[in-house]
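Written out below as structure tokens is the structure these notes cover.
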Amino acid sequence: MFRKRSAPHGEIGHRDTARLEAFSDGVFAIAITLLILEIRVPTVDQVEGETSLWRALIELWPSYFGYLISFLVIGMMWINHHNVFKFLVGVDQWLLTINLALLLCISFIPFPTALLAEHITHPDERTAAALYAAVFFVTALVFYALWRYPTRRAPWLLVPDADPKAIAAITRRFSYGPPAYLAAAIISWISPTVGLVALAVISLLYLAPALLGDPVEPSPD
Amino acid sequence: MFRKRSAPHGEIGHRDTARLEAFSDGVFAIAITLLILEIRVPTVDQVEGETSLWRALIELWPSYFGYLISFLVIGMMWINHHNVFKFLVGVDQWLLTINLALLLCISFIPFPTALLAEHITHPDERTAAALYAAVFFVTALVFYALWRYPTRRAPWLLVPDADPKAIAAITRRFSYGPPAYLAAAIISWISPTVGLVALAVISLLYLAPALLGDPVEPSPD
Amino acid sequence: MFRKRSAPHGEIGHRDTARLEAFSDGVFAIAITLLILEIRVPTVDQVEGETSLWRALIELWPSYFGYLISFLVIGMMWINHHNVFKFLVGVDQWLLTINLALLLCISFIPFPTALLAEHITHPDERTAAALYAAVFFVTALVFYALWRYPTRRAPWLLVPDADPKAIAAITRRFSYGPPAYLAAAIISWISPTVGLVALAVISLLYLAPALLGDPVEPSPD
Amino acid sequence: MFRKRSAPHGEIGHRDTARLEAFSDGVFAIAITLLILEIRVPTVDQVEGETSLWRALIELWPSYFGYLISFLVIGMMWINHHNVFKFLVGVDQWLLTINLALLLCISFIPFPTALLAEHITHPDERTAAALYAAVFFVTALVFYALWRYPTRRAPWLLVPDADPKAIAAITRRFSYGPPAYLAAAIISWISPTVGLVALAVISLLYLAPALLGDPVEPSPD
């Protein structure tokens, strides 16, 4: 395992975090781009007959909606993943494992997204919406662990002069994620529409905290 | 947020732009490569009977055409994205958000591409072609914002010695994009064929400006 | 071919391993993310009638199970690939070729995974499970070659001060992989359930050796 | 355009080639990994009845064969792309454009691969095999242009001390590619089996020239 005391062969610690970031970026980028494959193009046969292409495209709105929320969530998680790694100078097996669990969640997202798009406005929409939000709840939990492990249990993985106040501020921010997504999942079970709007709002808040005067990227100096 | 005054821990600013570029490159690369999945291979059953494989492949021309234009547009946008980032030394939350909106557009492109390939030469071809061009119009708008935000509103994100004349030249170039794609969308609504040719021409002009004597990559010195 | 004596143009050796790692990371990241595409979403038509969405989702358990094991294996192989490359300062044509063979195995994994998910609990489940495990056996063999070639046949590709004891420890660890996966394949042929559990256990052991007190990443100093 | 005389802002030339390599690597990695999606898993319904899963899997041999050859070709092209870029210190708009054309070819490969797998052993197999080989012919032509442009027309993009003899040796090697693949295409039209074996042999020769005593990676010093 890496200790900050030892940096054999020049920059092994830096190469480790760099390669883990690159791999994670790959998974984030692929998951976010695969989402589009779940939106099925209306065929000529479907459109011929009474309906028009416009109407067929409008009827696909659940697909666009799920696409948009999932894109937001994955994009927002990528940005925050990037913020977490700014504080790290090395990785160990535990961090690798937590990060892998996070990537498992991220790469799973296209499935509940397609499930939501298929079942919204149909009898099982509450199930689909609640499961969709629940996946984000689990993802937020794993994300929280990714931040807590180095900051609380493995401080030798942190940049040497990380500001404790900045770390505490981020910990607070990230700690809101799991309960917020859990609430969205419960609301989705009661009213899918309200729950999905809540999901979108939570994700936008994490995406653009600067707009709210919240310190976004407390620089570690 | 990043200010050029502070570069704690060595190269955080550089790592930020590098990682954003890498993530964006990932999305561009995946979107450009996924396009091929939308071209369906003629099956043995379809070909057996009266037609031949040659004929079946030729009848797929709308798919090749859409594939080619979308490839050109994504490739051209990638090159220009690369040119934009040469002027940046850091990123802030706004730039991240605009860039995410651009990636949303880019990763959406396979959908209108498949829509175009499915409906061209069918009754709804005008709708499909106009929507296809309209997606590029929106993408060009977001791209323009990606350039205008750092150059006009957040100059501390720029390389310190960026040449104002080079910036003005690029601004001019990029400002032609949105109206040109909007015109292509309107033309596509009237005549899909003419509109699609216009799309291809616009994209080629942005791809190979060097051929026209236009300064392509004004180096910032 | 690269010798450590010559590093023309600054860092060619380092760029080589860096680019090979980046390409490999890309293939690992894509293969691990494509797995989700193999899980088919239950449609509204399937669910309407007597069954519920919950039941339909629960009946997909073989898909989740295959997804999870394949994710584990690819993730674990990625981490170990990363550990192998920490010992390398250069690559030659043989290493490139062995690495390409490994990537062939990794990118093939979505196929047996889908095969397993389709056939488990059906008459041919023993065939599907044994083939699934056999693919991991072959992958482990190639992985072993990737480690043995530089450490035994091409030591000039290794970091100059690599610790022979660390290398011997990793060699021992990696040498258990092929027989373990072969055993899992044979067991799968007799009892798919036991075999798949064995597969999961082997992969977890390689993923989290730190938990067992085994030295995970013997640093080469 | 970049000249080697000017390297403003530190390493812009290096960053350019690095980012182009990274983007290209992404497309190569995705194309090579997407190939597997074209192999359709035999379903339980197909297998039930008279045939067994083993037989169904064996009948998929054209898919495996196409998968393997395409994997070899893309992998081999990636390695050679890597060798080309070792000679470059910068890129200009022409090189970007030629490289984009190469990526267009690479990302197109999954389509003729699926076409081959579908039609081999069926009436149109000669057409499918000849087209498959023809795509590699075009790819080899573009690849040759990617090498010739900097070495002949834009020497300022080359590493300053590139050895003319090494360049001449590579030029010779690469010049065999287009005629060899053209011959394979013509042979495929006459006899698909012989043509496909020729394709595999050509690609293996380019992949493992070291085995034949041919200097693989003439280092530029």
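Order of writing sets the labels: A, B, C and D. Residues in every chain begin at 1.
In the analysis below, a contact is a pair of C-beta atoms (placed from the backbone, for glycine too) under 8 Å apart; a residue touches a chain by one contact, two chains touch by 3 or more.
The shown structure was predicted, so the numbers you read here are calculated from the model rather than taken from an experiment.
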Centroid comparison with chain B (C-alpha atoms), farthest chain: C
Classification of the chain A:chain C interface as same or different, half of numbers criterion: different
Rounded Å distance between chain B and chain C, as computed from the means of their C-alpha atoms: 35
Rounded Å distance between chain A and chain B, as computed from the means of their C-alpha atoms: 25
Interface hub residues of chain A, defined as touching at least two other chains: 22, 26, 30, 34, 37
Contacting residues of chain D [partner chain B, same complex]: 1-2, 6, 8-9, 12, 15-16, 19-20, 22-23, 26-27, 30-31, 34, 37, 92-94, 96-97, 100, 103-104, 107-108, 110-111, 114-115, 118-119, 122-124, 127-128, 131
Chain A partner contacts - residues on chain C that touch it in the complex: 21-22, 25-26, 28-30, 32-37, 39, 41-44, 47-48, 52-54, 57, 67-68, 71, 75, 78-79, 82, 86, 159, 161, 207-210, 216-217, 219-221
